[in-house]
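What follows is a single structure, and I will ask about it in a moment.
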Amino acid sequence: MSRTRVSTAADAVAQIQDGDTVLVGGFGMAGMPVVLIDALIDHGATDLTIVSNNAGNGDTGLAALLAAGRVRKVICSFPRQSDSWVFDGLYRAGKIELEVVPQGNLAERMRAAGAGIGAFYSPTAVGTLLAEGKETRTIDGRDYLLEFPIRGDVALIGAHVGDRAGNLVYRRTARNFGPVMAAAATTTVAQVTRVAEVGELDPEAIVTPGIYVDHLVEVAS
Amino acid sequence: MSRTRVSTAADAVAQIQDGDTVLVGGFGMAGMPVVLIDALIDHGATDLTIVSNNAGNGDTGLAALLAAGRVRKVICSFPRQSDSWVFDGLYRAGKIELEVVPQGNLAERMRAAGAGIGAFYSPTAVGTLLAEGKETRTIDGRDYLLEFPIRGDVALIGAHVGDRAGNLVYRRTARNFGPVMAAAATTTVAQVTRVAEVGELDPEAIVTPGIYVDHLVEVAS
Amino acid sequence: MSGPLDRDEMARIVARDIPDGSYVNLGIGQPTKVADYLDLAGGVVLHTENGMLGMGPIATGDDVDPDLTNAGKQPVTELPGAAYFHHADSFAMMRGGHLDICIMGAFQVSARGDLANWHTGAPDAIPAVGGAMDLATGARDVFVMMSLFAKDGTAKLVPECTYPLTGLACVSRVYTELAIFHLTADGVVVPETFGIEFDELAERLDVEIRRPPNRE
Amino acid sequence: MSGPLDRDEMARIVARDIPDGSYVNLGIGQPTKVADYLDLAGGVVLHTENGMLGMGPIATGDDVDPDLTNAGKQPVTELPGAAYFHHADSFAMMRGGHLDICIMGAFQVSARGDLANWHTGAPDAIPAVGGAMDLATGARDVFVMMSLFAKDGTAKLVPECTYPLTGLACVSRVYTELAIFHLTADGVVVPETFGIEFDELAERLDVEIRRPPNRE
């Protein structure tokens, strides 16, 4: 019924090219596609731009991707954390580019990419350092900044269950960036704890329709 | 747990003022809040702006509101239908104002109102009669029109089940404009077939969180 | 084919040209019939802009549910794997370029792919656009199904549309009872005709047409 | 009150001032503690920007679920009536003005309500903003909880912020261990002090403060 394929992690990330923009889901560990990130490290693509809420924690996952020297630029809302020493070191050494985007603008810019919106006016960050270089406009007496879409070549997200048509449901706050990133990328890979048969999921409760999902990778939950 | 109240239709529409903008859900009869529209007719508010996909069918519902002379302006995507004789007559007699908005721009303009977006660039309608008077901008080689939010003073929508905290679920394609209008209006009234206790609805499957819903009106299904 | 296509044959030909795995939106009217010739269980997923993927055939009898309709407000059915979403999400899906093909009727299509299908331009007409402009702009490919000539005998595939436009340079193919037209960067290519010779077709149109490259 | 408030007393005072039925977002750190003094079962609904309404207290023991955290990534619980949504919907809710109150910490707040809480401005600091700017702009009311004086003794309620701003004219109230400040169009009003006389407080601040109108 759809083009979605059930793939191994290695096959699903095989098409990622050097220089690609990769959207990586998750907020903390909730929704973090750890198996897909490990596959991306093994895959070897480099010169990547990573869009994610954070810039890696500890020494695994995104931090390991950064440590391997594969990332040219990070677009995120909150790079600096108690355990973000890999990113911190690269940044202070001038070895990685950083674009800090307020969390809501980050989500909305990806939402715009998926929704075919050319740009939008957001009130967030008006009058701050993060407004520098952005076009401003007063609408009905309120000031806004012009924000442009963030598109991904590939999105790597974590979901709960996916059916063979690619429909996804999430669990609790692990939903976070998944639905937005799935729509914002040319190719979307979802790590799920179970692949269900078509028709198993409640059509009223599907959060990401299969049209947005190219690969399902089943992982141990 | 919330401010949502279970009300009669008459009480729920009592606050509507002359001159208000009222968002009315539904696509055809699916999701049409017929009981609330009848209550609005009885209430008597006039000089209204109605935002809805269509401009009334037959002689009941929105058409009856129009026939009663209560509507100054209609903002919709598709006024002209085989049974839209009430609107057609008023329009041809110059007794009602019409703003035709492409269906997707209509939905997105209300979404922007609910989401605090000041304006956005849409590719829809570029180069058409409906682009007249709109600001255009070329972004990455593609042309867009600047579209502004449509806010409602009140939204009248139809949903399936609502819990006492105001959380709503819908049925099938009756969902249509409901979630978008609920967020775009200062006050939202939802007609539901059943009021459930708090905790009955699956938190993963709630489509409109109670924060957007002020009144629930239970009607026979 | 021995003669011009009837409506069912046109629907079948359009369905034949839709690749398996496509996400497709069928416009109101004639395009709705294409569903009858698609493999909805195994191949093609239908989108309806009022908020659904996985739409099935028209519903009849006990299957009719007033909460489940297509964009033409006809009762339809739900297939396994279906998903529902609200209007803003539905048009985001469309505008964001996620639908492969949308099929619409038309008053006129220009050789460059401009589409006119929402407004006759008559001074007393009440304008009504629905989702046509969103679909024209949003779908990756727009196929038009229409009769090639209007009732007054004038061609509806034209050098420039005279009716108000729905979208600019958006149509990639036009299916008519007499021929299929591919609107390409290299001009209007006619891969098939039905009950008419290419030369006669060329004669009756103001738009320059070509045979496919491999037959030239 | 006999002396300056401790952290628990501050949290209790803030909770006291939140009307029943409010939708509230609690920032990371000190504001999280306010939850302990709110009637979450009957009165106030907590929003967490990672995608939830109806958040309950911090989870412990068997209730810990790695898929259920607050914005500070601490495990939390779900209350009856909770709803989940994705990040764009969550920040749309915030940016669209649907949250009644958000409570945040601060480095500095100006008399006009400018907020500085994301960046020390130190040249080697790595900037990280999270959702602070979205919350500052989006919530109808922003309450700040902070100590009134920095470790070096300088006041954090200032005529003009010297730290990089998070939002302009967004803070409506400041809760500190020594006093509550309402930032109004008519100036900074102090309805309550804790362990300090009004006149001494006025003496120690560069911001002009007033007693509430009915006590003047």
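For clarity, chains are labelled A, B, C and D in written order, and residue numbers in each chain start from 1.
Operating definition for what follows: a contact is a pair of C-beta atoms (placed from the backbone, for glycine too) under 8 Å apart; a residue touches a chain by one contact, two chains touch by 3 or more.
Just so it is clear, the model here is predicted, and its values are computed rather than measured.
Between chain A and chain B, the least number of touching-chain steps is 1.
Of the two chain pairs examined here, A-C and B-C, the one linked by more C-beta pairs in contact is B-C.
Centre to centre, using the average C-alpha position, chain B and chain D are separated by 35 Å. Distance from the chain B centre to the chain C centre is 29 Å, each centre being the mean of its Cα atoms. Chain centres here are Cα averages; for chain C and chain D they lie 55 Å apart.
Residue positions of chain C touching 2 or more other chains: 78, 84-85, 92, 94-95, 137-138.
Annotation for chain B: residues touching 2 or more other chains are 108, 111, 115-117, 122-123, 170-172, 203-204, 207. Of all possible chain pairs, those that touch are A-B, A-C, A-D, B-C, B-D. If you check the complex, the residues on chain C that touch chain A are 21, 23, 40-43, 45, 47, 53-54, 78-85, 92-99, 137-138. On the side of chain D, the complex with chain A involves touching residues 48-52, 65-69, 73, 78, 84-88, 90-92, 94-95, 119, 124-134, 137-138, 164-168. On the side of chain B, the complex with chain A involves touching residues 108, 112, 115-123, 137, 139-140, 142, 144, 148, 169-172, 202-205, 207.
Residues of chain A that touch chain D in their complex: 27-31, 77-81, 87-88, 91-92, 98, 100-108, 110-111, 122-130, 170-180, 207.
Listing the residues of chain A that touch chain C in their complex gives 1-3, 111, 113-117, 163-165, 167, 183, 198-199, 203-204, 206, 209-212.
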